[in-house]
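In what comes next, chain A is part of two complexes: it sits with chain B in the first one and with chain C in the second one.
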Partner chain A sequence: MTAIAPSQLGHLARRSVLRTLRQPAYVVPPLVFPTLLATVNAAGLRPSTLLAGFPTPSFLAFAMAVPFIQGALFATMNAGTDLARDIANGFLNRLALTPMRGGMLLAGHVAGVVALGLIQALFYLGFALVAGVHLEAGPAGALVLLLLAVLVAAGFGMVGAFMALRTGSGEAIQALFPVLFVFLFISSMNAPRHLMESGWFRALATINPVSYLIEGARSLIIAGWDSQALALAFAVSAALLVAATAAASWALRARMGRT
Partner chain B sequence: MSEYGIEARGLVRVFKGGIRAVDGINLAVRAGEIYGFLGPNGAGKSTTVHILTTLLPPTDGVARVAGYDVVTEGPKVRAAIGAALQEAALDPLLTGREHLRLQMALHGTPRTERRRRGDELLERVGLTGAADRKVRTYSGGMKRRLDLALALVHRPRILFLDEPTTGLDPQSRAALWQEVGRLAKEEGVTVFLTTQYLEEADVLADRVGIIDRGRIVAEGTPAELKAEIGHPTVEVVPADPEQRPALARVLERFGELAHISPRSLAVRLTGDELGLVDVVRALDAEGIAVQHLQLHAPSLDDVFLAKTGRTLEGAGAEQPQQLVP
Partner chain C sequence: MSARASSFAASRSVALGVAWRTAHNALTTPNILIPSLVFPFLFFTAFAGGLSQLERVPGFDFPAGYTAFQFVFVLLQSAAFGGVFTGFGIARDFESGFTRRLMLAAPHRSAIVVGYGLAALARWGLTGALLTVVAFSVGMEVGGGGIDLAGLYLLAALVNCAALLWSAGVAMRLRTLQAGPIMQIPVFLALFLAPVYVPLDLLRGWIHAVAQANPVTYFLEAGRGLVAGQPAYVGVAFAAAAGLAALSALWGLSGMRRAEAAGG
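Now for the complex of A and B:
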């Protein structure tokens, strides 16, 4: 890493954040929609808490893990769309003509996603506390929850970067949004896996990595310190980040093509 | 160090489907020279620029820019060049000043120098008043000027401008020409300028290379190129249309007849401009009254026509616009 690398990283991340903050359509829905969905689900699915073996008497507390993951999906789409726009309008070529290393572009891109993911996570956490949700893991658990949210945002951010670099099209990335949402809905987002009666749905939720991200976040809110759930959540998010970074780096080399 | 800022030999770039966008180009651009690369859309101008700026590896051939090989010494080439590519690659959500800050940070300009250099460049391209406005509010000319400023942040020795004035109004075009000319003359920057405008190449370039279908078909100073093939044309509109046959007989004595408009007749002189005097004398001697008479100096379009058999405007319509690597 050269001496100017931190400055490059900082400026690229700053640009990424500024761009997003200057587009209300990128800021408001990721804050409002996940919290609204959690609130609606909490109201409609409250009777689920009466089921034997349901882990908490508050469905809102149960549902509050979901916005952390859902918000990261929004960030993925927005950041991926921005990168695709950079490719389409030639801005990526402008960056490629500077001494900046390709890895720095990805790092700057993801740093912006992480910063926004952190802002979103703080908002969700604040919303949960105001709504009366008690965080079983306490203040230290809140920090771990934020750390997990940031790691998930970084992983999904790299997925967005990979898709942008492969397709070069913002429209293609927007079209993939429903596909990613399917992963969210076929997970343990609305019910604990051990209470899912449909065998096929439970099987899909079990092989769906998103379930483990939600369960890790959820464990801090409703259970306290569940080392297995946390280990799985961090392992899945780290694996996602590593795999997506490798894929995005490969796609960047192919896309930039500079000598 | 080589006297040439840009050198290329046998440069080839083949795209998918076997399309040879660049087909054996040789270039030698002296340091401090403005080299105009003239050709229609799809002729291979931008592909050549992409190769020379290290954005695209050549399929074959060698090129050195600022003394460095574009394939094996890409980072050194990039450190020595500035480029404003065909589309003004700007972020509509950032301000002009933010663009400059980002570009300087990526180039490693010392923090203490950034503000001064940014202000200096904004003033030079006439954007000081608009520096804190988002780029999406800029006109096409303002975007082009910001694009040029961004290409200059690190004081490059060689500047690539890919069709910098396409779509600009005459005033913005003239302002950009003035700045490019100043860069070459006062700062000794080598400028490689692609254009499809004859006037731009004629006014700005020290030397012109005419490219068609990936090959350079003519090269020299604008004056040399025009002198090589061009003979002036005299266009005459008779006062009485009935005298057109007589007018044609007179003009035929001085060269090949050409048709410019339905009302006029023209002759491409076999000699230079001095032949105009003889034409006027002959018309007077034959008693042909003239409503309008004009001498057309040879243009680079005449050169293009002579070398390719087509006009620049017509050639653009029949060539591919975009290629996929």
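Now for the complex of A and C:
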């Protein structure tokens, strides 16, 4: 049984990676849209750097952390939509007739979005360097940034899998997109929390876990090695992955029970 | 009844029928209604709440405050996207074959476009009204009078009309929902390549040059001037909005001709 597990994972992961990377609609928007938004926002919000206490003279450097997290949000939609399609066309039911283990199914399923997450992160990193952003944490920081991006993509991918297993509907997954965007916008994506003047907004950004993901990635770009920001980012992303995996496993058991 | 009056009555009937059906679908289908309501409020909350410290940037001198500054952007954005989202509905009607049947029944097919336009306006009317209520309830300050505010909403209605006609032109040429990004991305870019967060004078570099050539800049400057009670660029903004609506009308109606030629 133990020897079969890697084989199960390998087959499903290969299918998931190929299926994700073969669809331009999955690959192109997560590369283009976050980069475009960061560029336009960086130009429009450049006067923010004139505020006393703003942590960097380059708003582009400040903004470049956002695509890493925004790209991961797309992972939720991609993983969810693909799994919902597998549910709708009966693929999951046929898998249920095989000795496939639930954990392998979920891990294999998010492999595609994890692979895409890595490609996205490399693209954003390359774009930032070409645009003149200097990575304060150096080459080792770049590796940590890639690791964080992959972990976040896996976490959000598992959230997408959970949603798909609960709803079984690709349309329902798409409709949740604005809800996910709330987490991005009500965060420290456009301003450092200590400079936010609206107390209620600062409070919302502080309780929003996405703020810590952005701040962890940002610290590597603009500050160097900030152990607190990195510890919080990795703790939040690990907690997201564990919680989403547990929720998705439970939802998978419930769906298989119904099957 | 003369032939002319009869023809007008038929066109009016088609326009109102299309408008009713489209608005009814948009306002009673949660998957369609929720994003169009959520996004403007999300932007308003994120920008007015999260970026209010920009008021302290040297040279930022908007007297009505940052909430009013962002309200104008979000109002115009909601108007533009009300038009674009209605364009998605037109594409869906083509995909489902509804428009093909509609074209067979309508004596004047331009009335179909008018109907979609009325629906887009009704749809944005709801979003705009809710946004206004929320903005006032969070203490937005307004220096302008009733006529100034009416001017702002009229400007937004023209933007809604131009965006709808642009999207309709795309939808009628491509006749598939996959054309959604083609409708959406140019509008999104035009909106964000304008002075969204700070006044035009505070922008520097390439964004300043692009914003100066972007008509949306003048919609924003005029709208903000009207809200503050210090009108500026109002004539330029209305002329640009009317011109854009006229060009979009040509685009939309020629799209209808293309759809007719393709058999719906």
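The criterion applied here is as follows: the second predicted complex is superposed on the first by the 256 of 259 C-alpha atoms of A that agree within 3 Å, B and C clash if a C-alpha of one lies under 4 Å from a C-alpha of the other, contacts with A are read in each partner's own complex, and residues count from 1 in each chain.
Following the convention adopted for this analysis, a contact is a pair of C-beta atoms (placed from the backbone, for glycine too) under 8 Å apart; a residue touches a chain by one contact, two chains touch by 3 or more.
Predicted model, so just to flag it, every value in this text is computed and none were measured.
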{"item": "Chain C versus chain B on the shared chain A, clash or fit after superposition", "value": "fit"}
{"item": "Which superposed partner A:Pro6 touches (first chain B, second chain C, both, neither)", "value": "neither"}
{"item": "Partner chain(s) touched by A:Gly44 [first = chain B, second = chain C, both, neither]", "value": "second"}
{"item": "Chain B versus chain C as contact partner of A:Pro57, first or second or both or neither", "value": "neither"}
{"item": "Spatial angle chain C-chain A-chain B, Cα centroids [nearest 10 degrees]", "value": "90"}
{"item": "First, second, both or neither for A:Asn89, with chain B first and chain C second", "value": "first"}
{"item": "Touching partner for A:Ile186 - first (chain B), second (chain C), both, neither", "value": "second"}
{"item": "Which superposed partner A:Gly138 touches (first chain B, second chain C, both, neither)", "value": "neither"}
{"item": "Gap in Å between nearest CA atoms once chain C and chain B share a frame through chain A", "value": "18"}
{"item": "Overlap of the chain B and chain C footprints on chain A, listed as residue numbers", "value": "none"}
{"item": "Of chain A, residues touching chain C in the complex", "value": "29, 36-37, 40-41, 43-48, 50-51, 171, 174-175, 177-179, 181-182, 185-186, 190-191, 195-198, 200-201, 205"}
{"item": "Chain C to chain A touching residues, read off their complex", "value": "30-31, 34-35, 38-39, 42-43, 45-46, 49-60, 181, 189, 192-193, 195-198, 202-207"}
{"item": "Chain B residues touching chain A - in the complex, by the definition given at the top", "value": "53-57, 70-72, 74-75, 77-79, 81, 83, 85-87, 89-91, 93-94, 98, 101-103, 105-108, 111, 134, 150, 325"}
{"item": "Sites on chain A touched by chain B in the complex", "value": "2-4, 7-8, 10-12, 15, 18-19, 22-23, 86, 89-91, 93-100, 256-259"}
